[in-house]
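Structures are listed in the sections that come next.
In what follows, chain A forms one complex with chain B and a second complex with chain C.
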Partner chain A sequence: MSDLEQAGHLPGIPADAVGRRIVAHEAWGETVAVALPSLSEEQAKALCGHVRIRARDTLRRMETARIVAAIDRASACLLDRSHPLRRKAEALLPVVTGYDRETVRLGLTSTLKTFRRPQLLRFLAEDFFNPGVLDGFQPAVKGGFVRAQGPALLLHVWAGNVPALALWSLVAGLLVKSGTVGKLALAEPLTAGWFARAIAEADPELGECLAVTWWKGGAGAVEAVFLREADCVMAYGGNETLAALRAKVPVATRFLPHGHRIGFAMVAREALDSRRAGPLARLAAHDVVRYEQQGCYAPQMLFVERGGAVAPGEFARHLAHALAATASRHPRRRLEAGEAAAIAAWRSAYEMRALEGEGPSGGTELLGDLADPWSVVHLDAATPLSPSGLNRTVAVVAVDDLAEVSGLVAPHRAYLQSAGIAAAPARLFRLADDLAGIGVTRISALGRMTAPEAGWHHDGRFSLLDLVTVTEIEHSAEAAAEGFAPYAD
Partner chain B sequence: MSQAEIVDALLAFIGRPGATDAEFEALALRLFAYQFAHNAPYRRFAQQRGRTPLTVRRWRDVPAVPIKAFKDLTLSCCPPEAAERVFMTSGTTGSGRGRSYHPTLAVYDASMLAGFRARVMRERERIRMGILFPDEAALPNSSLAHYLALAREQCGTPDSAVLVGSAGLDLDALLRALGEAEASGEPYALLGATYAFVPVMDALAERGRRFGLPAGSLIFDTGGFKGQSREIDPDTFYDGLSHAFGVPRDACLNMYGMTELSTQFYDDGNAVCPPVKSGPHWIRSRVVDPLTGADLPEGETGVLVHHDLAHFNSVSAILTEDAGVIAPGGFRLLGRVEGSASRGCSVAVAEFLAAAQA
Partner chain C sequence: MRFRDRAVLVTGASRGIGAAVATALAAEGGLVIVNYRQDAAAAEAVAERCRALGGQALAVAADVTDPAAVAALAERIAEEVGRLDAIVNNAFAPYRFDPDHRPRFRDTPWEAYQRQFDGAVRAAYTVVQALLPLMTRRSGGSIVNLASDLVARPSIPYHDYTTAKAALIGFSRNLAAELGPIGVRVNCVAPGLVYPTAASRDTPEEVREALIAQTPLRRLATTEDVAGPVLFLAGDESRFVTGQVLYVDGGLVMG
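Right, the complex of A and B next:
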C-alpha cells in the first residue's frame, strides 16, 4: 500500500505540469499516501476557463437523459464489487477516513445506489414538475414557455470525512448542466475524483465539463481565482469556515452554504414494549455507529418517553448493550488526541453532574467504562438538546411526553436537520408538525438516519431547484411572434 | 489524621529536600485517605472509579479530578465557611469560577516561597520588583495576587511596587522604575500576568523606548494571554521582552500555576520554547490519555495530571486541560487541549458553545 494515490480530476491541464501535495493517512495498520493537486493561479484560471467553455459548448446541449446515463454508469462501476475502482475504494477509504471496512463498504453501496437511473429520475422529478425544462423551453402553466439552467460554472467546496458525501452536490450540479469545479475535503479526498473519472470514462465529453481539485483553504491567491471565476459557490463546513468563505465570495456570486448540523431521535412509549425495545435500540445504535456521528444527520441525543413497558433507563441499557455488541463488528477508529479529549470532557461533565446530586446518581447515570469504545448517559430529567462527545457517545433523555421535545430542541433551530422518530402514525404526524415548526427538515425511521433517501432535500432546500435560474418566454412574446411568422395572414 | 497533623507533616516534608519516592508515595496515600474521608464529592468520584484508600497502593493510582470539577463541586475537606481564604479562577473561560478552599495559608505560603526562592530568587536574598498585576486588596480571591504579594513582601526590596492600580497600568511609574533600575546598575525583576506585558511592549514601541536592565535582572510572566490581550506566539513574545528590557531570553522566566494547586512550576528561562518545566519535590506530574486516565509512554503527548501534596484541603490529584509531554527533568507544556471539531459535518461542542455565547 505504498503507491501514491492521485486525487482529483483535471481536464485540460497536463498532468505532469501540476504541483502535488502529498498527505499520508494512517489507520488499521496501513498507510495511504494521497497526492492532492496544487494548482498555480494560472492553472486555476485555465481550469475554470476550460470547464466553463466545454460546459457551454457541450454540456448545455446534452439531453438530461444522457447525463443521467453517464452518472448511472459511473455509479454502476463503483457499485460493482469486482470493478477495480470499487476494489480500490474498499481498500483505501478505510485507511484514509479511519472508518472500519464494513462501514465503508456498506456506506458506499448505500450512497451510490441512490445515483442509479431510477433514483436520478426521481431526484429530477422531486424538484421539477416537468424535468424537460432542463432540456428546452416547456409550456408554462401561467402561459408562455420556461426553461431552467444551472450556473455556467458551479464551484463546490466540500468538507468532512463521510465517504462519498461530495457526490450529492456533484450530481446535483451535473443534472442542471453546470460546468463543475469541486474542491476536495482533506479528510476524504478520493471519492469525488474517482467518480469524476468514472464519469469521464462513461462519457468523455461530459468528463471535460467537470474538474475536481484542491487548494489550501484560506490560501489567498489560488482560492481567490476559483471564487472569482465561479457563478455560484456551494460550500460545506463549520460556521467559521463558511463565514470566512462568504466574506471572500464576490457580491454578485450566489453562495449556498451548508453548515454543520445536530441530529436527534425520539422514541415513543408505544414503541417501548419488551418485544420492540431491543431491536429499536439496535437501530439507534446503528445510527450512532455509522460514520461515528460525524455526519450532520447522526443522532447525538435520544429523547425517550416514560410510560412504556420499557422505561427510559432500561432503554439506555439496551442501547449500551447494542453499542457494545456492534463494537466487535464495527470497531471504532483510532481517535486523535482532540477527539479523545472531547469525549473525556463530555463524560466528565456528566460525571460531575452525577456527583453534584445528593443521591447516588443525581438522576444522571453514566453507562460504559472509560475504556469502552462507546458511552451512554441516561438523564432522568428533561434536558435541552446539546451535542455529544461524538464518536459513539450519546445521551438518553427521559421525558414524560414526546411533545416536550420540540421545546427542548427549539433553541438550536439554526443547527437542526434530521430527527429519527419511532412512534405510532398519528403521533408521528403530530410530532412532525411541531418539529417542522422549529426547523427540523428531515424525519426518518430509526436505523435510517445516516442514509437519506434518493432525492432528499438537504437542509430542507431544493437541491436542483436552488441551483437553477429560469428564462421565461412570456405569452406576449409568443403571441407577438405569431404576427411575424411567414404564414401570418 | 487531623488537619493539624496533615499541615505539620506537609510543612516538614516541604522543608526536607531530597525526600525519596517512597516518602512522596507514603504522604500521597495518607492525603488520599484524608481527602477521601473528608471531601464527600471527591469520595463519590473515587468510589465511582473503584478507587478507595483500601485499593490504591501507588500515588499514580490516586484518582485525578478533572479541573472543571472545581467549578461545579465544592471540593473541600473543611467546611467551606471555615476557610481562611478562598481562591477563585478568573472565570474567563466558560461559565462559573473554580474555587479552592484554604483553611490556612501556612502550607500554600511555605510551598510558594520555597519554590519561588529556589527557582526565581536562586542565590539572591531580595530584588527590586515591579509587579504588573493588581494587588490583594483589589483581587482578594486571586491566588496570583496573593502569590505576588508574598513574593514582594518576602523577597522584594522596600522600593518594590505594584504598577497596576484601579485605573490600570501606571505606565509613568513603570518607566520611572525601569529608568532608575537602568541607572542604578542594580538587578530588577518585572513580574506579572503574561497578557499585561503586551500593552507595555506596545507602549514602549510606540514611544521608541527600550531599556537595558542591569545584568541579573529578570522578567517573570505567568498565565498566558487568556483573551485579555492579543495572542502572541512564544518566540515572538520572548524576543519582544528581551528587546524591550534588555534581558536575555534565558532570564525570562515563566511560572505555570493554577488556582486549583498550591504549588507552582517554573522553567529556567525561555531561550528555547517550549522549555522544560518542573516543580519542587512535593509535586509530581503525569501525562495521561484523557479518555482512560492511563499513563502514556514517555515521549507521547497527552494531558497533564498534577499531584500536589500541598493542595491538601481540596484534592491533590487534578486532571488539567493542558497538553504536555514528559521530558528529562520535567515536562514540556504544549498549550491547552482543544476538543476537536467533528471531521464530518456534525456540530461539535466547541462550535455549539461559540454560537450559544455569541
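Right, the complex of A and C next:
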C-alpha cells in the first residue's frame, strides 16, 4: 500500500494550488502515506469565505429533510461493505490509527448506523420539540413565532483518539445548517474527509458548504485566520490543547470545548450470580478493549459490590481472562513509548501498594504480567476513582454497597461523563440520581459504554440546541402586523 | 526450555510418575514444587535431580488430603515462589494393584471406596481450592489430574480405585467448564499400567504379557511416557485444550 491518500475536502480551492504535508503511518506491517492539506493564509480565508457564502445562499434555504437525506446516503456508502470508500476505510484506518481491523470494521459500522435517516430524525427530535424551527418560523407556545439557526460558519477542531469521532459534530453542524469547516486530527485524518466527499457526491450543493482541512495546531497565522473567521468553534482534545485554543478564540466567538473524561462502571451484587457474572465481565472487557480506552466514555475503574455469588476478586479474574481471550481476536495496537511507560507506572504503583499492603489476600492484587496486553488490579478496599494506565488496564474496586461509589468518584466531578451500570431497576434509578448529582451525564449498560446511542447528549449538552440561536417574532409584532394588512378592517 | 520462568506444583512427586514429571519439568527449565507426604529423603533426591537438570526445585511435605497442610503448602509457594502456572495432581491414596488378590465387589467395604475418593477427588479438591487464588493472578493456568485408562477399560476391576478415578474425571470436566472463563484449563492424563512402579510391582508377568498383547504399541507405559503428555497439558502448547482426557496406554483404549 504505497499510494498517497489525499485527506480533506476543499470546495472552491483548486486542488493543484494546495500545499500538502505528507505523513506516513505504520502498523500491522503496512504503511500508509497521508497527504494533509496545508493552506496559505489567503487560501484559508478564501475557503472560509466560500463556505460561508455557499451556506448562506443554499444551505440556509435547504429543508432539513434534504440534509438528512444527503447524510443518510453518505452513511449508506460507508456502511456498504462492497463500496470502494468503505473498502478503503477498512484497509487504511487500521494502519493509520493502529487499531486492529476487526475493531475498525465493527466501530465504523456501529458509528455510521447512528447516522441513518431514522436516527438523524431522532437526533433532531431529541433537541427540538418541533424540528420545523430549523426550516422556518413556527408558532411558539407562549405566543408569537420562533425559528432557530446554527452559526453561519462553524469551525470544528477534531481529536483523533477514536476513528470517525469527527462525524458526530460534523453531522450536528450540518443539521443546524451551519457552513462547516473542520480541522482534521493527525491521529485520524481520513474519515471526516471521506464523509464530506460522500456528502458532496450525494448532494453537490451541500458539499460546497462543507470543508475539511488541516493546519498545524498553534501555528500562528493560518490558525488565526480560521479562528477569526468562525462564528463558533467546537473543539475536542486534552485540557492543554483546549486552553491554548480558547485563549486564541476571539472573545465574541462561541467556544464549545469537549475535553478529557474519565469513565467508570458499577456492578451490583444482584448481577453477580454464577450465571451472569462471567458474561458481564466479558461485556466490561469489551468496553475496555474497544478503542483501547482512548475514548472519553471508556471505563477506567470498575466498582464491584460484595455480597453476590461471585466476589469482586473473582469478577476481576473473569475480567482478566476475558481481556486475555479478546486479545487474540482484537490484538492491542502497538504502544507508543509514552503509553507503555504509563502502563508500567500504573502497574508499579499498584505493585508497591501490594507489597506494602496486608498481603496477597487482603489489599491489592495485580493480575497479569507486564508482558500481557492487559492488566487488571483488584483492590479489596473502597478506593477513590483514579485514571488507569489506559490501553487495556483497569482496576476492579470492591465496595460493600454501590451507594458508596458516588462519593468515590465525586472528586473527579469536572471529568465525569459516562458510567456503565449493571443493577436492578430500582437501584439503577437510585444510583443514577446520585451520579447525576455529581456530574455524570451518561449512563449505559455494560458493553455499550463505547457506543453512545443516536441522539446522545455529549457531555450532557444538547448537541444541536447548543449550536443554535433562536429568532423570535414576539406576539406584539405579529399582532401589530395584522393592523397593517391590506385586509385590515 | 518450555517451562523457563514457570512454576509447577507436582503432588506425590517423590517417586513414580510424580518424580518423572518433576524431573521432566526441570529439564525444560521449570521451577518444580516437589510435594511429598512422608519420604523426605526421596523427595530431596528428586529435587536434587531437578536442579542437576537445570531447573529449580523446592521439596515441600504436605498430606494433600489435609486442608491445613495444603494451606501451609500454598502459603509457602506464595511466599517463596510468588507464582503458580500449573498443578499436577498426581498423589493418590496407597493402593495395591494385585490382579490375583484384588478384593471382589462383595468384599469391598464402602470405606475402601471412601479412601480412594479422598485420595483422588478430595486431594485434587483441596489442592485446587487452596492454590487457585495464586494461580489465577495470571491468565493461562493449567491443572492436570492423573486418572487411569481403567476408567474406560477396566481390564482388571479395581472397584474402589477406578471408581474414584472416574469421579476425578467428572470433577475435572466440571472444573474445566467453570474455570475456563477465568483462564484456567483442567485436563486429565489417563495412563495404562505403568511398569515398574512401587504400585505396579505386584502385577504378575502373565497379566502384563496379556496387556502387552492387546496394546497396539506392544509394551507397557514407563513413567517417562506419562511425563510427556503431562508436560504438554501443563504447558502453553495445549493452551486451547481443556476438559479432555488424554490416554497414555499405547493405544489400548481408543477415543
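The rule we apply is simple: the second predicted complex is superposed on the first by the 485 of 489 C-alpha atoms of A that agree within 3 Å, B and C clash if a C-alpha of one lies under 4 Å from a C-alpha of the other, contacts with A are read in each partner's own complex, and residues count from 1 in each chain.
As a working rule, a residue touches a chain if its C-beta (ideal position, glycine included) is under 8 Å from a C-beta of that chain, and two chains touch if they have at least 3 such contacts.
All of these numbers come straight from a predicted model, not from anything done at the bench.
Asks: Aligned on chain A, chain B and chain C: do they clash or fit?
Replies: fit
Asks: By the touch definition at the top of the document, which applies to A:T393: first (chain B), second (chain C), both, or neither?
Replies: The answer is neither, since A:T393 touches no partner chain.
Asks: Should A:S38 be classified as contacting the first partner (chain B), the second (chain C), both, or neither?
Replies: Neither: A:S38 stays clear of chain B and chain C.
Asks: Could you let me know whether more residues of chain A are touched by chain B or by chain C?
Replies: Looking at chain A, the partner in contact with more of its residues is B.
Asks: Looking at A:R317 after the superposition, I want to know if it touches chain B, chain C, both of them or none. Which is it: first, second, both, neither?
Replies: After superposition on chain A, A:R317 lies in contact with chain C alone.
Asks: So, does A:V162 touch the first partner chain B, the second partner chain C, both, or neither?
Replies: It touches chain B, and chain C stays clear.
Asks: Looking at A:T326, would you say it contacts chain B, chain C, both, or neither? Reply first, second, both or neither.
Replies: After superposing on A, A:T326 lies clear of both chain B and chain C.
Asks: Which partner chains sit in contact with A:E365 here, chain B, chain C, both or neither? Use first/second/both/neither.
Replies: Only chain C; A:E365 stays clear of chain B.
Asks: With the two structures placed on a shared chain A, what shortest C-alpha distance in Å links chain B and chain C?
Replies: In the combined three-chain model, chain B comes within 5 Å of chain C at the C-alpha level.
Asks: Under the contact definition given at the top, report the residues of chain A touching chain B in one complex and chain C in the other.
Replies: 360
Asks: So in the complex, the part of chain B that touches chain A is made up of which residues?
Replies: Those in contact with chain A are residues 41, 44-45, 48, 66, 68-69, 72-73, 289-293, 301-303, 319, 321, 323, 337-349, 351-352, 354-355.
Asks: Given the complex with chain A, which residues does chain C contribute to the contact?
Replies: So the residues of chain C touching chain A come out as 78, 133-134, 136-140, 181-183.
Asks: Mind pulling up the chain A residues that touch chain C in the complex?
Replies: 278, 281, 313-314, 317-318, 320-325, 360-361, 365-369, 372
Asks: Mind pulling up the chain A residues that touch chain B in the complex?
Replies: Per the stated touch rule, the residues are 159-162, 165, 187, 236-240, 258, 260-263, 291-296, 298, 300, 335-346, 348-349, 351-356, 360, 370-371, 386-387, 389-390, 412, 414-415.
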